[in-house]
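The same subunit A turns up in both complexes below, where it pairs with subunit B and then with subunit C.
Presenting the complex of A and B:
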């Protein structure tokens, strides 16, 4: 786990670290990855991955609107909003 | 009249006989909450609403099964109109516009939610030390952790403030704190209880469950918490039995498996003695123990620490500072808004897990880590399937030891190994229960029973038989309060 990899995955995660924390997190990640590398000890070549303990296809339901429009309630929790939209800093100059 | 340490069954009968009114019960409950403030077990209280509900119940009697029973809700379940933080600074101002199905089920059965319990941030931790709202203290001793992530829920039940609390369990978060706090907690089969309104950590592992003083109370709660929910596509459409019906059935002739690969010689000899004593106790009830082999079970923790962070990094991408939750001050552009909101809103452990998740899911590493872990997960599940051809249940210690001191475990991997015995059930989606089974230096310790898929009734029956013939679950921590 080098600094460059940590920088890449930090960016993919949209997280930033200062110098001091970056060193600690690099060390921690290195140890954790070393720990999970134990998985290499067994051969899994023909094994179907298990994604969920319920190996059933998700049930579909009728395409009928059941929820009411609760725009106002949802916008109330937004850090910044007007009557209709979530607001963010300008993205187009 | 004291209501402290009473079970649901006892409180229901006190309410029915009018030994106590609904309002008095809630008043007494909030008095206890205040006298145990030093536990730091609650993040948000629901006092005004709860007292109002109790007053209404006094005026309009109800025959609901849990009528008037005070309950504490883990702060991971969204509660309409009541702040829900998930132990994180990210959600310090979040007032949900709806309630989780579990909360609705319990409240529709008459329960009164008294508040939201402290927990590890986004349920990521085994000691409740990752909460933004501070550590929770274990009522059994000064500076002891209650376990985690449902640490606040475990502490309020152990202190006898409420008879029951809700918890969630992704890798042991109900069973491990139940063990460290001397209470009973069950994680049902994956899909038994709706995940709608549970703030997601690792969606293929997360499962809600009850925490209470007895297996009998857990059964009473399971009857109300379980439901088939159209709003959760992983909710099981299976018959929900009356979990209280077979509690008393004899356990004679039952076969319980002991996992050959769990090397107990690495544990403190006193911990092993408590476990051996529990085995002897079950033997005296007519249970037979046989050794079973689960060859891949020791890869459970490394498997979990790929699968859970991968799912966490995906689930927690929703916290972007736009739609709800924390936003940083004066973002200079959208990218800055995302990065600073997340970096300021999440704590260290959550960030660590998001990074591991991003790493194991990233191009070039996906097959080596994520796919590999899912393949090992299949092998672990197959191991359980094979074992259950020979035994009815599997028994192990719940934890490696008793509650440890806050601040004493700084290595993340050591902390991850706290879940050594509990993680396998989550990977395989199986039900597991922890019940108090002994004490070391006046600190409680539990045993874990794992059942086959959908066999919660059997788990509860076997746990109830233990509790009918022992008194570990009746012990209470010192009632000294600050």
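Presenting the complex of A and C:
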């Protein structure tokens, strides 16, 4: 695994790491992938992928409103908000 | 060099369910920000989504109406990306097993029909709204829309130009409103589309590199965005430059498409099966129940109108073009056998008024009850066609009842022959010169007398009655 791939994975998951840990993280990721790659040694071309480990199907809902307005409570618990909106650092230029 | 354009559309249709795809929060448009949010929409830890059955039923209605395969076992997947209006950090969508498989829809461009194949239609949740320009240095997030069910309809790349793309989008719009699965309100974003555009040399087998124009929500902008993008790509290729596969944004003010400059290379959605949701199974019985409740579709209506009411194809097409228009026609049909009269009014005066203001029937003051009454009053000769025109204009402004308008303005047609005769006699007496000229062979003057009677009665005289009375008095 090269440094670029590690940087991409880090960006996609929005997780940063210290430069000094780069070697270790690269090695760890390599090991994880190597471990999982063992599965590739089995030929599964004739086997339908498992959709869910539970042999059950979903229960669905009727289309009825069950949620109340809890705006104040929700906004109060957010790291930053005004009277109406959740606020985050500006995401466009 | 001749170039060929290849277009594929991804249309996002907001399904008109009362609640969200995975939570019991309301989907009403235009409410105060963040008042229609549930724990599930917020993506709080420990909550589990439960699928809304009605969203599946609505999606299936679309599938059946487009002769599509319905996947009675369908699954959800996660599409991972970070954006503030997507609190969970992933969108729940259907990748591997969409509810609706391959289908097709007929489009009409300048009278020529073309079948466009639909690759698939899948359910997914809408994101919230980000407000960028209201707060200094910060983005505001409103999650009312987060979790609203969308049906994403993906076409095959079989659309050849901007006109066809608009016709396709219109056909989908017409269908989803007929099926009552979407309110079709474009201004409120109930239907949006992403357009994939590429060009290639006519003889080339392989498709060119495509650009995706995101999030267009009007018929006009689809056409303009495609025309701009096609011209841009051809210009680049003719200069020997290449097309970059990227996402572009259409700027309606500058009428251009622009690269969104996103970190496209790093955009990897890492789809995987959604572990929080089990496969949703639709039984044969449910499928059958949906099938029998499908309404008559535009094309079927058109054919029936031609057969039952002996209308022209062009008229029938307009009358079957929207649910509201068809309702006006059918309600009025119960009041008179003269279908041509109704068609004439709808295709003519009513359509003209709608076009003038660029509104739909639902947005106008014209109700089907009132229109039926207007037609009834024309056919029972209470008012003449000319007066009916002014009544229609009055309805357009006030929405008042036809009979009320006729009564208040004293518009009842004069049919009584003796009254018409008295008026005609007076006019003949007052205009001896014209009478002599007419009797001397200037037959065109007949129109003069008709005009005078109409003027005297402020247009209320029954034209046929006037003709008869004048003929009797002048020609004998």
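Note that in this section the second predicted complex is superposed on the first by the 86 of 93 C-alpha atoms of A that agree within 3 Å, B and C clash if a C-alpha of one lies under 4 Å from a C-alpha of the other, contacts with A are read in each partner's own complex, and residues count from 1 in each chain.
Keep this in mind: a residue touches a chain if its C-beta (ideal position, glycine included) is under 8 Å from a C-beta of that chain, and two chains touch if they have at least 3 such contacts.
Please read all numbers here as calculations on a predicted model, not as lab measurements.
Once the two complexes are laid over each other on the shared chain, residue contacts for A:44 go to subunit B alone; subunit C is not touched.
Which of subunit B and subunit C touches more residues of subunit A is settled by the count: it is B.
Once the two complexes are overlaid on the shared chain, A:52 sits against subunit B and subunit C alike. Within the superposed three-chain model, A:32 lies in touch with subunit B and out of touch with subunit C [touch as defined at top]. Contacts of A:82 after superposition: subunit C is touched, whereas subunit B is not reached. In the superposition on chain A, A:92 makes contact with subunit C only, not with subunit B.
Contact with subunit C, but none with subunit B, is seen for A:71 once the two complexes are overlaid on the shared chain. Of the two partner chains, subunit C is the only one touched by A:63; subunit B is not.
Contact with both subunit B and subunit C is seen for A:14 once the two complexes are overlaid on the shared chain.
Overlap of the subunit B and subunit C interfaces on subunit A: residues 8, 12, 14, 51-52, 54, 58-59, 61, 70, 74, 80, 86, 88-91.
Residue ranges on subunit A touching subunit C, taken from their complex, read 8, 11-12, 14, 51-52, 54, 56-67, 69-71, 74-75, 80, 82, 84-92.
Listing the residues of subunit B that touch subunit A in their complex gives 94-95, 97, 190-191, 204, 230, 233-234, 236-237, 296, 299, 302-303, 305-306, 313, 317, 320-327, 331-340, 342-343, 346, 351-352, 354-360, 362, 369, 371-379, 381, 411-413, 416, 427-430.
Across the interface of their complex, subunit B is touched by residues 5-6, 8-10, 12-17, 25, 28-29, 31-33, 35-42, 44, 47-54, 58-59, 61, 70, 73-74, 76-80, 86, 88-91 of subunit A. Against subunit A, the residues of subunit C that register as touching in their complex are 17-19, 23-26, 32-38, 42, 50-56, 73, 75, 80, 82-84, 97, 130-132, 134-135, 137-143, 263, 266, 268, 270, 273, 275, 277-281.
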